[in-house]
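Following this line, the structures themselves.
What follows is chain A paired twice: with chain B in the first complex and chain C in the second.
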Partner chain A sequence: MILRIERARPIPTPGNATAIMNAGHRSARHIASRKGPSICHARISPYSSAATATAPALEAQAQLSSILPVTSTSLSQAYQIRAGVVLSRPPLLTRDLHPFEKSFYLYQRRLNERLALPFPRYFYFKKDTPADIDWKRKMKQRLTPARDIGVYNPYGPEGWNDEVLVGAQEAEPAWQVKRLLEDADASAPESAGADAAKGVEGAAVAEVGVEVAAEASKKKAEPVERPMPRETEADRKGDQRSLDRLMQRSLYLVVQNKEGRWVLPDDQIRGRETLHQAAERVLVQNAGLNMNTWVVGNVPVGHYSFEYLKRRPHPERKNVEELGEKIFFMKARIMAGQANLADNKLGIKDFKWLAKEEVQKVVNQKYWSAIQNMLTDR
Partner chain B sequence: MASPIPSPGALRVLRSSVNPKLHCQTQIRHASLLRRPKRPYTFTQLVTLSDGSSFVHRTTNPIPVYKSTKDVRNTPLWNPSSQKLLNIEEDEAGRLKAFRAKFGRGWDAEVPDESTETPEGQPEAQREDSLMDLISGYSREAEKKSGTKGTKEPAVPSGKGKGGQK
Partner chain C sequence: MALRELRSKAASTLWRDLRPCVSSARPNGLRHASSNPLDDLESSSSLSAPPPSNDIIKSWDPVVRTRSRKTQLPPSRYQFRSPKFYRGPLHPHQPPPPSDPSSRLFQPGPFSLPRLEQTYESTIAPDLLTMTYAHTPPGWVKPPKAQRLREWVGDSPYFKNRPLRGPRGGAHLRLLTPPRNFRTIPKLTGVTVHSMVPAAQDDSAYMHVAGMIIQAITNVRVTTHRARKSVASWGLRDKKFVSVTAKLEREDVYHFLGKLVDVVLPRIKEWKGVKGTSGDSSGNITFGLEPDVVAFFPEIEVNYDVYPPKMIPGCHITIHSTATNDRDARLLLQSIGIPFYGKMVN
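Our next item is the complex of A and B:
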């Protein structure tokens, strides 16, 4: 005997969502009032309005089944509900500047020289102290107190000449930081060297002079500590498992499941756990305990649903047929640690930390169209 | 011909009948002098925080590079899951024990997690029977009780234990 299961309304797709909501709305309510509390209406609602919806509608409980009027009493249908995790490492560095931004900021700094009050040297440096002498010496070289605008005198006859050529190094942030560090290098040892020279002239003992000169040269050899480079080792090697790569972009964790497909980590909701708890469990079981993560809120940020080519019986409940899967993604952030696939219980073969366009290259197209709006461009 | 042009007298009467405040409705744009703002001279400075991260900002400070020793990156308040910044008591020379023997435990810093024992391992039952200690002990008990009711666990996801230390 072949069971014919009549459907009251078609399976919702993004295209006909509003039609379903309008047409089948009342019938869905009717069915819900008959059948009981835990029902999946397969309702498509935008995730931005989900936060304002009523509480019972938000809870994605376990054992949800889409209730459809069946002609036969024996078989009902369900979608497997899974919780997925969008685990992101936000950018650790500010982004590089556009050339227009660089030249604009340089222009603004040079303009500020003419518009702000002059630097009150007497306030910061006492007369004839080493710092004061140092300052005066440097001012002669660069004509202005600022160190990051090149050689420019705002008050002299050449004050009108404040434009730099296209591609000049003064506009580059890296050059500006380099100039600041050189200035800091030149401060302490130079003044020590000058003092030592004066000391040698004043003192009569040649040995003391030699020692002092040696000390001064030692001090000169120790420059100020440089900041770490913006491009890390992982960038140069292209190591996609490293969390230190692409410091200006957000990285997302994708894993290769046992079927060999690259997906965001997910797992079926087991028991009566909430999406938040399921997401935490998914992270621990997929990627290990050695990650300091935070799952944000109780509301999912995206979903992906698909149907099996062949319906399969529900593994646990009798007389229930599984039509497909619905994966609800939770947003999570990683603050410290790294993924470790050693004891993972879900057969994960490999993991990668990828930026948005790199994720597009490894996942399926239908999956990508479901997840792309959860990922950020930077 | 449409409406005739009113005479100046008629216009005057008309104007005076209108509310004097609404008399002139056009914009008045007389040139006015704005005093130029006096802004202090600002430099660009490279600030290096305690964990090595650095950024560039504008400041009136003439020093080119500023290295900070105590900032948000090595404060336990802003790094709650860092083991390095936890206030773990290490009584190497035994001076804390001597202090407590003399002055009691009323001056102890508040321990965030009641279940963990200090390395000294002094259980609550062992307390000297001095009056001051009893008083300070009772006040501390009262504080603890009110504290545990009011405060929650620090913001670490519950459920599974997580390592994740830097």
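Our next item is the complex of A and C:
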């Protein structure tokens, strides 16, 4: 048996190129790549990894790769190298806040009201104009220029009472949006009054308010546009094929392959293609052309390997038997479109867009332990 | 008060002296590596206590409770005022830390979790790490590099013990780029918005309007600057106020950039983007906005009539990041949504 300590195709990372690139290595790679699909020779050498090879190891490699072309009748062993893709749809919405965060933010806004300089009404409103009168009326109601911190008088003797009580609604974002909308609705005829609050003092006012107020100034009498719901039709139906589901989370594409197992899309690397090229091809062959995707970077973000129960002969190369598979996962993002299984050649039966914990339910345990750190919690 | 503190300090010093005796007297209290660490924990926790009942929650009103007090609380104990001046570490009246709301240095915040910050954490940072990651195989040792500053080489006896020679090609040493890992992903640290208004030398109204506008779009109090010396060709006169600056940090940065990228920049007509040569090689990139672009900010737009149209200033925006070179800084800004054009200089 010939000892082959070179990898047939190194992972195209910028770092290892400098470390292990030498003449012998290049020739071995050249030979290996000419012979068809990529393989990974099992190393039966004292050097556990080509990557960690020190100077004597490199010499040994050079010698060994010089005898590589000599054909041998004995079997050599290899792994099948596959490219997988972690195709994800990033979160589209901001996440829901923890109750503590909500209370904390409201408390900080009230503290800010206590410490901020008074609102410069005379800069924004001329005296006794309708906007000025409107402003004074509103200030009498809510006691503070900020519109979303509830009825709270920051300068009064009871300004210390700034903490949120148990069960109070003031800290809820939904309640705050409602207050902002009410304010925008009331001041639609002369929007200047409402909008002036967004000076230095209106620090805490959400972006929603800005857009809403701008809307209000455009169309006078119409009620201002309400924000879209944060849950969609697909959420209610639990449609796991839809990309509109779980908008606060990352969704990952998992496919059911021809053996019926749920996996991240993958395929064998063919010819001399790089992992990046392979990832693009895998996406097209697995889930069709109707997706606008972007493969992030040239390095894999994780890998999964398993051994076959029984060694198989290599489909295309003589004297090589396959020990198992090694899948290197590339990261990809979907910008637009949807997966389409019509006329795919890999025998994909079904697909789903799943969040992290849903992926765990459909894949097997060993696969999950290999992929779980690539998937984000949010 | 001082006396009481003194007493407690004396007690603590006494305790410190006593402690070794106590531990030597009871060596059995020590935990061994083999014993279960959970045994040392208290079995009951205050967190497991049930919340107050609904009646208490509904009837609880701190204001009413305070008003119903027959005698008011002594102000000396309950209304702490931080000292106006720091009188040294030995003075009994010490200022509280700046994180304490009663401190004079206290700054409230954060007030929200900005959308851009969440996007950075969930999407941008992981992608930047994947894109710029350079793999070093296990066991790989970084080749040693010569020291950055050269020594004085020669026969002169004066070279002995002399400080190293200055850096090549400039007065300053460039920043070193550390190997990329999850700790060294470039991050936004600040934004400086600067507006130069030379017309303010003759009419201070320009300065006031510029200040109000920069303050409105950044949510930060501005600082004003004087001309340091007269420059006839620029029309600058010595010691006249000419510019305003707002320095944004933390939450304000994300709100400002979010507005800029989502609302303002898309509305500029025929804007090519930021010049690729911008940047100071230490992670800061600057670009300018024309006065009519500044008017696109929502805070200005909704209230446009308030500002005299001719006095609306342009501004320069410097985005600071922890990137150590222009390339990384540009990548970060591109991922946020700021386009670049032309020759990219690193």
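In this section, the second predicted complex is superposed on the first by the 270 of 378 C-alpha atoms of A that agree within 3 Å, B and C clash if a C-alpha of one lies under 4 Å from a C-alpha of the other, contacts with A are read in each partner's own complex, and residues count from 1 in each chain.
By our rule, contacts are C-beta pairs under 8 Å (C-beta built on N, C-alpha and C of every residue); 3 or more make two chains touch, one makes a residue touch a chain.
Source: prediction; values computed, not measured.
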Looking at the overlay, what does A:350 touch: chain B (first), chain C (second), both, or neither?
neither
Which superposed partner A:250 touches (first chain B, second chain C, both, neither)
second
Let me test your reading of the model: by the given contact rule, A:101 touches which partner, first (chain B), second (chain C), both or neither?
second
State whether A:145 touches chain B only (first), chain C only (second), both chains, or neither.
first
Where does A:167 make contact in the superposed view: on chain B (first), on chain C (second), on both, or on neither?
second
Quick check on the superposed pair: does A:184 touch chain B, chain C, both, or neither? Answer first, second, both or neither.
first
Looking at the overlay, does A:112 come into contact with chain B only (first), chain C only (second), both, or neither?
both
Contact-wise, after the overlay, does A:331 reach chain B, chain C, both or neither (first, second, both, neither)?
second
Between chain B and chain C, more extensive residue contact with chain A:
C
Looking at A:233 after the superposition, I want to know if it touches chain B, chain C, both of them or none. Which is it: first, second, both, neither?
neither
Footprint intersection on chain A (chain B / chain C) at 94, 109, 112, 115, 124
In their shared complex, chain A is touched by residues of chain B numbered 36, 38-46, 48, 52, 54-56, 62-65, 67, 81, 155, 157, 159-166
Residues of chain C defined as touching chain A within the complex:
51-52, 57, 60, 62-63, 66, 101, 106, 108-113, 115, 118-119, 122-123, 126-127, 130-140, 212, 215-216, 219-221, 255, 258-259, 298-299, 301-303, 305-306
Parts of chain A lying in touch with chain C, wherever the complex brings them together:
11, 13-16, 19-20, 49, 51-52, 90-91, 94-95, 97, 101, 105, 108-109, 111-112, 115, 123-124, 158, 161, 165-167, 191-192, 195-196, 198-200, 203-204, 206-207, 210-211, 213-214, 217, 250, 296-297, 299, 301, 331, 333, 376, 378
Which part of chain A faces chain B closely enough to touch in the complex?
94, 109, 112, 115-120, 124, 135, 145-148, 173, 176-177, 180-181, 183-184, 187, 224-225, 227-228, 277, 280-281, 284, 289-295, 335-337
